[in-house]
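Two complexes come next, and they have one chain in common, chain A, joined by chain B in the first and chain C in the second.
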Partner chain A sequence: MLKKDNIFTISVFIVLLIIPILFDDFYINNISYFMIWTFISLGLALIWGMGGILSFGQTAFFGLAGYSFAIISINFSDIYAVGIWSPILALAITAIFGAIVGYFLFYGGIYDVFIGIVTLAITLVLETFMAQTAGPEWTVGNARLNGFNGMQGMPPIGIKIGEYKFDLQGIGQYYFIVFLAMFLLWLLYKIKKSNFGLILLASKEDRTRVESLGHNVKKIQMITFSLSALLAGVSGILYTNWGGYITPSSMGLIASAMPVIWVAASGKNDFFSVFFGCILLVYISQTLAVNGAQYAIILMGLILVIVTRYFPEGIILMLKKLLTNKFLSKK
Partner chain B sequence: MNLLELNFVSKKFGGFTAVDNVSLKINRGDIRFIIGPNGAGKSTLFKMIIGVHNLNSGQVLFNNQNIEKLSLNERINLGIGVKFQAPSVFSELTVKENLILAIKSKFNDEIFSFLEKFGLEKDQDVLAGDLSHGKKQWLDIALSTISRPELVFLDEPTAGLSFEETKKTGKIIQDLNGEGVTFVIVEHNMEILKQIAKSVSVLHLGKLFFEGSPKEVLSNKEVTNIYLGIL
Partner chain C sequence: MIILFNLFYQFGDALSFLLLAAIGLAVIFGMMKIINLAHGEFITIGAYGTVVSAKILKLPLPIAMAVGVLVTVIFGYILERIIIRHLYGRPLDSVVATWGISLIVSQSFLVIFGPSFEGLQTPLSNFQLGAYSYSQYRLLLILISISILILLYILFLKSNFGTLARATIENPKIASTLGVKVDKVYTVTFCIGSALAGLTGAIYAPTMTIVPSIGQAFIVSAFVTVVTAGASPFIGLIPAASFLSLIQTSVTFYYHATIGVLALLFSVILIIRFLPKGFSGLLIKLKK
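Right, the complex of A and B next:
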């Protein structure tokens, strides 16, 4: 049965599906770019909105996945289907790294604000390290890390079958991102309704009580952290594929603050709100960035302050509830 | 046969000894009350048994298995249920979701009978945070018992309940005990003790002060005195 609040999700996806019919490649590429950031935001909504754990360093996983994809695809560009298995391998590396970080965090008894501090430190360490790899000695196989200028020249995601070559670019990339977003939103809703999701939601309220019902909360949190890293990795790989480059600044302080702002402003407890809000906020950021990046950063900071003070539930989620009550509730 | 055995367990917080060389044996089928004035060490002892506090010395045996090294969730999975002092239900989940969270899959069919047993059948889709205090207490006890553990610890299950609600709580505990669940209950409320206790242990200043039947404990002058603060 169609639930009331699914109407918003379905409407947005119908619009997204018909956009390529109405707009040219320039807009399609731009909207692809806006949507790429939704995956890192959904990952943060999973760990923060559902699990109550604020990770300030999701960009570490974004960057790790982007760099891993670049390094693997450059080094093995001659091997068949590298455009298919290199992003998968990069995602696996990112999820494993996420699980290792999660293990030390949760089994080490680190909670609350300290998780934000530790994860921020991880992403800043990675940024600082990658930024100083400008010298020719900093290579992994054939791939030069290239310091602050970042890596480029990696083959795109895709595959060649006989004479037919498919690269994940342009309209193909756009529809891939739309369908991937649909699938991941569906999967996240399934997780939320599962026993796993209930344990995660409950552990946000009272971790000890959940353990006293026989659940291994640390393990659940570690798995969730790894999943959220994987989602950040999806963004990182698609970003690298979209622009053909990945730079250390993608793991910097400003970059790491952005997903937190997008998720908080949209409504961290609802995946659709995060998806839609992230697209809108990235669009606003990019539009303002044309006139100088600092305006976008100032506006995002302002949005965070206003939302925290007046709309703690998130603007998009609040609007969604208002519209549901006004137009879709039974009289 | 002893279901739970504590051998000379102690717990210190800095220089303060909260529990001092306490030994207890809980028989299968018992409803054991642990009573004592504030600061006697009841809740600390309770948390030591379930693994929230580490022991400084001593031994905890459950079904003759030493469980000291096990984490809280591992102890629970051996067949132990726990209700903490303050009602700790998950307020953002519905009553039914709370129970789904607590139940082992093989008992899934029993959710509705449990809702009925605790008088919560009409509240199954209500957020637990919106329940009255009494219903929160019952839901909390339901969470602790729905997977039919062998041994259940209840810390002040009747705190804040009316006389009628206390009576009903006692009846529920008795029914579950009749189905084979052993209870260890930390309480101040003497009404429920009189109603359902099979045995009583009295703690005073962290030590085991007296053990006996409810009648023996209630008629013991020294026990009365420590409650009145004379000893």
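Right, the complex of A and C next:
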């Protein structure tokens, strides 16, 4: 049961589970924030690492989910259990939007770098559109879109049963994110081992050959794209819930570069490396941003250039392999 | 008549913007199959090079523009030598690496020059026609964009270098066995692309607010034009840019500038859905 591969994953999760015993709320909230970004990174690792399709537009889904969640929960804040079904509805919208974009991309015969450009264009369109909605005429029901100032005042994810009230905040939020990450990592490993995952992996190597073996590659790519949009949406909703706000700049050019950097630097072919590396890199850029966000972004850019030039496999994955070979392979 | 001229002016303005934004990207993509995501920052370097040498070194505008182009070429040359040349044949990696470069450059400009920089005045004067006033400089830009295209056609289709460059894209291995210095051809092509991006920044610098994100104003237009132009941008660039600017101008004329931009992007999505090889693919098909 305990395979070599899993030792790192299990030890990291044990550490994550005991962290709340050792640290106070401030750190717990920060670590929750770092972990929120792992979902969008895992989605990118799924479509890029496994599918060989580089999407620059993951933040479009991030923003779409965040905004949908905000708009729905503000408008229907009186209806029962809005904190449960509004995030689910927002995720559904995101997944459907992802499937539509995927349909246009893959059934339209767009491949390689063009997919990156088109997805980037979609993100920037959404950003440009949301940024000019500052005026009072831009409202959806009761929710003002507020342009560049961003939306706020949405009720948090949670539910009220009789007297008992549960909000996704503080330590509850922390454990929710840890368990969700555990579940999704397990699910992604299952997908990787499944028939579906194998076809996807094969299509990365040679699309035409897999198609001539009778598999519907376009459909599989479309579903994968929609799944990765869904994962980006999970990040978007949790982010909106965490800070209680969402702005158009979360879809801008710099924001959309970040998941690509985290995934490329960590190692796009291994979900655990992406999960761990993403937390680490978000932590580093947050710490650096104290002295000015520009310096953190310059460092992230440098990491991206150096990694693609010298360590195309990714640093975390490389270290993981190194440690595995050194300590675990001698039996 | 005046309305017609007005439409022509708007169309020409949009067309020259798309052409100039895309041309450097199109040369590098068309010849080397590399999408340079730092293209916008090359334009930024050209613009800052021009403004800094005009404002601080007090150079006359045409010379300042030449300095802007030169700085961009030097930057492109160094970049090609250190990073880009190691990524030939890895198109996705080159996209990712150039994105990193784009972040580094734009944020460094923010650190060095601050959030905004004193701009230049638009040279030449305006003239009046009916109720509208037109900028002579913008009319000049239309002329410049068309003459650059003609020069590029001559360079790549008639000159000796053009023959070598086309042989290199066709088949780098055979070209090198025939004595073509493939490395050099790539370097020169990348420098030409950088020069064109720098030139775009230099000649648009007097018409825009100088901010570190100035290149971002061009980058989306550049990408959508190159994407709709298709796999051989040299053939597809003019039809793609004309079609897109026609849509943008007419929608802007009847509705609103933001809706014009949205219509532009929406039509791009439709074009690549039904013409995945872009306008150049369509033209090649029609010729056969």
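Quick note on the criterion: the second predicted complex is superposed on the first by the 330 of 331 C-alpha atoms of A that agree within 3 Å, B and C clash if a C-alpha of one lies under 4 Å from a C-alpha of the other, contacts with A are read in each partner's own complex, and residues count from 1 in each chain.
FYI, a contact is a pair of C-beta atoms (placed from the backbone, for glycine too) under 8 Å apart; a residue touches a chain by one contact, two chains touch by 3 or more.
As the structure is a prediction and not an experimental result, all values here were calculated from the model.
In the overlay built on the shared chain, the residue A:Ile191 is in contact with neither chain B nor chain C. Of the two partner chains, chain B is the only one touched by A:Thr208; chain C is not. Contact with chain C, but none with chain B, is seen for A:Val305 once the two complexes are overlaid on the shared chain. By the touch criterion defined above, A:Ile199 lies against chain B but remains apart from chain C after alignment on the C-alpha atoms of chain A.
Of the two partner chains placed by the overlay, only chain C lies in contact with A:Ile117; chain B stays clear of it. Which of chain B and chain C touches more residues of chain A: that partner is C.
Judged by the touch definition given at the top, the superposed model places A:Leu319 against neither chain B nor chain C. For chain A in complex with chain B, the residues that touch the partner chain are 195, 198-199, 201-202, 204-206, 208-217. On the side of chain C, the complex with chain A involves touching residues 35, 83, 86-87, 90-93, 95-97, 99-104, 107-108, 110-111, 216, 219-220, 223-224, 226-227, 258, 261-262, 265, 268-269, 272-274, 276.
Partner chain C is touched in their complex by these residues of chain A: 52, 54, 56, 104, 107-110, 112-114, 116-118, 120-121, 124-125, 128-129, 132, 253-254, 257, 260-261, 264, 292, 294-295, 297-298, 300-305, 308-309, 312.
Residues of chain B touching chain A in their complex: 50, 52, 71-73, 76-77, 82, 84, 88, 90-93, 97-98, 100-102, 104, 143, 147.
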